[in-house]
Amino acid sequence: MTGPKLIDPYGTPAGADPRGALQSITLDLDRTEGESVNKMKSTHLEPFPDPVLEVPDDLKRSVIVSSVDYLLNWARKSSVFPLQSGLACCSFEMISAAMARFDLARFGMEAMRASPRQADLLIVAGTLTWKMAVPLRRLYDQMAEPRWVISMGVCATSGGPYYQSYSVVPGVNHIMPVDVYVPGCPPRPDALLYGIMQLHDKIRRYSLNGQAAGRE
Amino acid sequence: MAIKTQPVTVNLGPQHPSTHGVFRMRVMFDGEEIVDVEPVFGYLHRGSEKLAEERTYTQIVTLTDRMDYVSSMLNNQAYILAVEKLAGIEPSPRGVWLRMIASELQRIASHLVATGFLLQDLGALGTPLIYAMRERENILDLFEMLCGARITNSYLRPGGVFMDAPAEFWPALDRGLGDILNTVDELETYLSGNEIVFSRTKGTAVLPKELLINASITGPMLRASGVDWDLRHRAPYDYYDRVSFDRILHTASDNYARYWVRVQETRESVKIIRQCIEQIEPGDVRPSFDEVPRLIRPPVGDAYAAIEGSKGELGFYLVSDGSIAPYRMHVRASSLINLTLLRDMLIGGQFGDLFVTFGSVDLNMGEVDR
Amino acid sequence: MIGLGLSRGFAVTLKNFLRPAVTEQYPDRHVGLIGAAKAAGMNPFQFLVKKPTDSLKAIAGLATVPVAVKQSPRFRGNEFTFFEDRCTACASCAKYCPLGIIEIVSVPGKIDAQEGESYKLEVFDIDIGRCMFCGLCVEACPYDALHMGTGFERSKYVRDELIITKEELFDAPKRPSSFYRPQFEENGFDPFKETIDDHHDAGRHERPSDEDLKRKWVDER
Amino acid sequence: MTTVWSGGALAEAIEAFAPGSVESSAGSDVWLKPESISTVCEGLKIRSEFKFDLLSSLTAVDYIDHFEVVYHLTSLPMNASAVLKSRVGHGRTEASIASVVPIWRGADYQEREVWDLMGIRFDGHPNHKRIMLWEGYPGHPLRKDYVTYDQSIASTAPGAADSLKGAE
């Protein structure tokens, strides 16, 4: 078995770029990325309004609104698959919530999906920086509707301890509409579970609202 | 017969199931061989060092928690040592013992996380990680008894800790230490003899020790190459000169050695905690507010204090201008500096080894980017 | 021998398979007839006779009982407990907060401001959408008026609802955590079972009376 | 226990092999002239009386009228540590100093970080670009004249307006 060849970037032959094959060509890629970050920072100044469901009073009392809708929402609520998108400290509480002691699988969230195409729920777990906001918005756009967003922890909710920082988004609702805010820094896994139960309640109410689920 | 292929550049991350957070790599492959790697940082750069310039010395403790979020207590300890050095504070003995216990517990938790995630990267989906995290939960419960929080503890204060341990902590700690030893034994039984782990980790990403030292790499990575360098032993801070422990060394300097050193170090940490429990003495856990006021105003000057963190030398450099907030705070982040040799480790290796090597470095994005 | 290490590993997995589960069944767990009867505080036969529908549910496996999460009394939850009678509106908490999220507005109290500076609280808002629950405000409070709470169920659909106002703090059941409050630990207070109603039980230092304040601020000056 | 070199002794020892490179010394610090940093660091690493083979930390401080680059060195064989400092960029002019990456590779990311956040250029660094922030970020945030609360990208830093134009 052979180990990797050790390279010495300062012993390269004359004429070759000392930075290696890749780093000599990536400055342009970095510039393009920087432009998109700057663009996002200059355009996402106002937060999105929170998508609140107003359930009319007369519908609240009626038992059967639409059985099909009810069934559909029950099925949706029982199989919300979250995207594996830990950003910072809160991601460790999210992982803890998925592990043996708190066991997210009890809520029908059997697996954290690695691909946004297979996920219904984006748990923004941790501090969102402007540099990360561009990929995160792209992940959100790639998720199929109906989709929901939980802002986990105060960093995602408002910037939290880093509110005044030069590189942190002051609240993920500047980037995408948020359904449930979970306070805590980081929230205990139980607090996250409570937030998920609130989301379940919300999903159930879509049928009463007469609105297609997951649309703003 | 060698097959010629066109090199192709692949972007991994920042959101990737295996990148331990928001890390991004541009990797150039030739077939399955890695030709070149460029790490891209900064997806979690939160500006802690700038924010620290407008907070008081006690308030900054909360920022250090969130820096390396799997070893908050160790961050607290490094920062508090720097403040005590800067302001000339004499800590209370009981507080020092308590923070040694807390930081050794945190080191165990951090090593357990590192091991669990390394095996996750090896393809052992779930099981080893679940076992490691189950044990970590017990340690987090102990932290909750001490300070009321699981991850972002903010337990330490200049001169000691903010509150004494409750009565139920000591029996729980004793029980927990036994559990930890059992778990480590189990880990060794099912992993250290496992043929798959052997064939995936032995002999991959070997680094010579001269290169490691030259690249400022410290901690378990350096000890896995046979260099006996542990700040707890070579430059004892707190009361580490009053406890005895073995330094774990391995000479292979490959992925297996790095993993092995971490697993063995958890046992040494248990040994240190046992000695701390024996030697801890009653008394106050922090100096009174007459000696160390809430608003500390250190004299003009600078101080650098480093501890042996879970990932290497974790240092804080503080500059004071005599006011209640530091003029400048700099963190010597071991995770960032340990990545210096990532290219050397990966180039020439296979695609399958990429995340194993990456996991064996044990980095934490909160500390890399700060 | 190839495979020996693997089989040893599987033996450990098997051993763990037989261990009791560590999962905490928050928020509730399913119970049978006996469990449901125990939760209702009677023996199964009584339960069967007195509540036939509930016991049928329990036999069918549909009955649940709420489960409290295992937490330490020092747990810093996502809320606060506040005793207005102990507060002097000194704003120590606001000054000590690293984020400056505690908003305090006070007006001169019942004594004339000229002769004794007793202040009355008008606004006391904590924005828990930005709070990191570090507990420094609780540490700073000189008269033990502010405590960490132990509740954590505070998820909201709207960002603005995350602000805790003074009224909400007063009306909430007072379950203070024993974080930085050693007197609770000495008394054996369990925040998950009991509440504190009287502000006298809450602290080490009583709030000075108006007379004391007057003496301190006016007569000694 | 680690022995800490006192500033005076270290300055004398440095003067012995690199005359005229020390500016001043006090406490445990030695201030070097920025143009001699490469020579001195190479000597400190190679010479048998120092053997500073590990660069612990490299950072910079903004003292408003000048910047100070701070090196914390450790010697593994001798178990010793020392602090080097160097003042650059007097009068907030274009600050630059020689890179120590050819001597210690551990300085690679740290120098990039100092360039990114403090704006001190390291001549001879093999991959001199931003590390934490994105390309096109206006200014260097750890400088004292940088406004923290500013959430917009409009800034007076040179090149900021151009990068904004490029974004649209």
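Brief remarks on what is shown
Per-chain numbering from 1; labels A, B, C and D assigned in written order.
Everything that follows uses one rule, which is that a contact is a pair of C-beta atoms (placed from the backbone, for glycine too) under 8 Å apart; a residue touches a chain by one contact, two chains touch by 3 or more.
In this text the structure is predicted, and so the values were computed from the model without any measurement.
Comparing the centres of all chains, each the average of its CA atoms, the largest separation from chain D belongs to C.
The distance from the centre of chain B to the centre of chain D, each centre being the mean of the chain's C-alpha atoms, comes to 25 Å. Remark: chain A and chain B have CA centroids separated by 27 Å (rounded to whole angstrom). For the pair chain A and chain D, the distance between C-alpha centroids works out to 38 Å. Listed for chain C are residues 22, 98, 132-134, each touching two or more other chains. Residues of chain B found to touch two or more other chains are 42, 45, 47, 50-51, 54, 62-63, 134, 137, 152, 211. Contact with two or more other chains is made by residues 130, 132-134, 141, 146, 148 of chain D.
Pairwise, the chains that touch each other are A-B, A-C, A-D, B-C, B-D.
Residues 9-10, 18-19, 23, 27, 30-31, 33-39, 41-42, 45, 130-131, 164-167, 170 of chain A are the ones that touch chain D when the two sit in their complex.
Residue ranges of chain B in contact with chain D, taken from their complex: 41-42, 45, 47, 49-51, 54, 211, 213-218, 227, 229, 234-236, 241, 301-302, 304, 306, 313, 315, 317, 319, 327-328, 330, 332, 336-337, 339-341, 369.
Chain C meets chain B in the complex at residues 2-6, 8-13, 16, 22, 70-76, 96, 98, 132-136, 139-140, 148, 177, 179-180, 182, 185.
Here chain D touches chain A in the complex through residues 101-102, 126-127, 129-130, 132-137, 141, 146, 148-153, 163-164, 166-168, going by the rule given at the top.
Those residues of chain D whose C-beta lies close enough to touch chain B in the complex are 1-2, 27, 53-57, 59, 61-62, 70, 72, 76, 79, 81, 83, 104-110, 113, 117, 130-134, 141-142, 146, 148.
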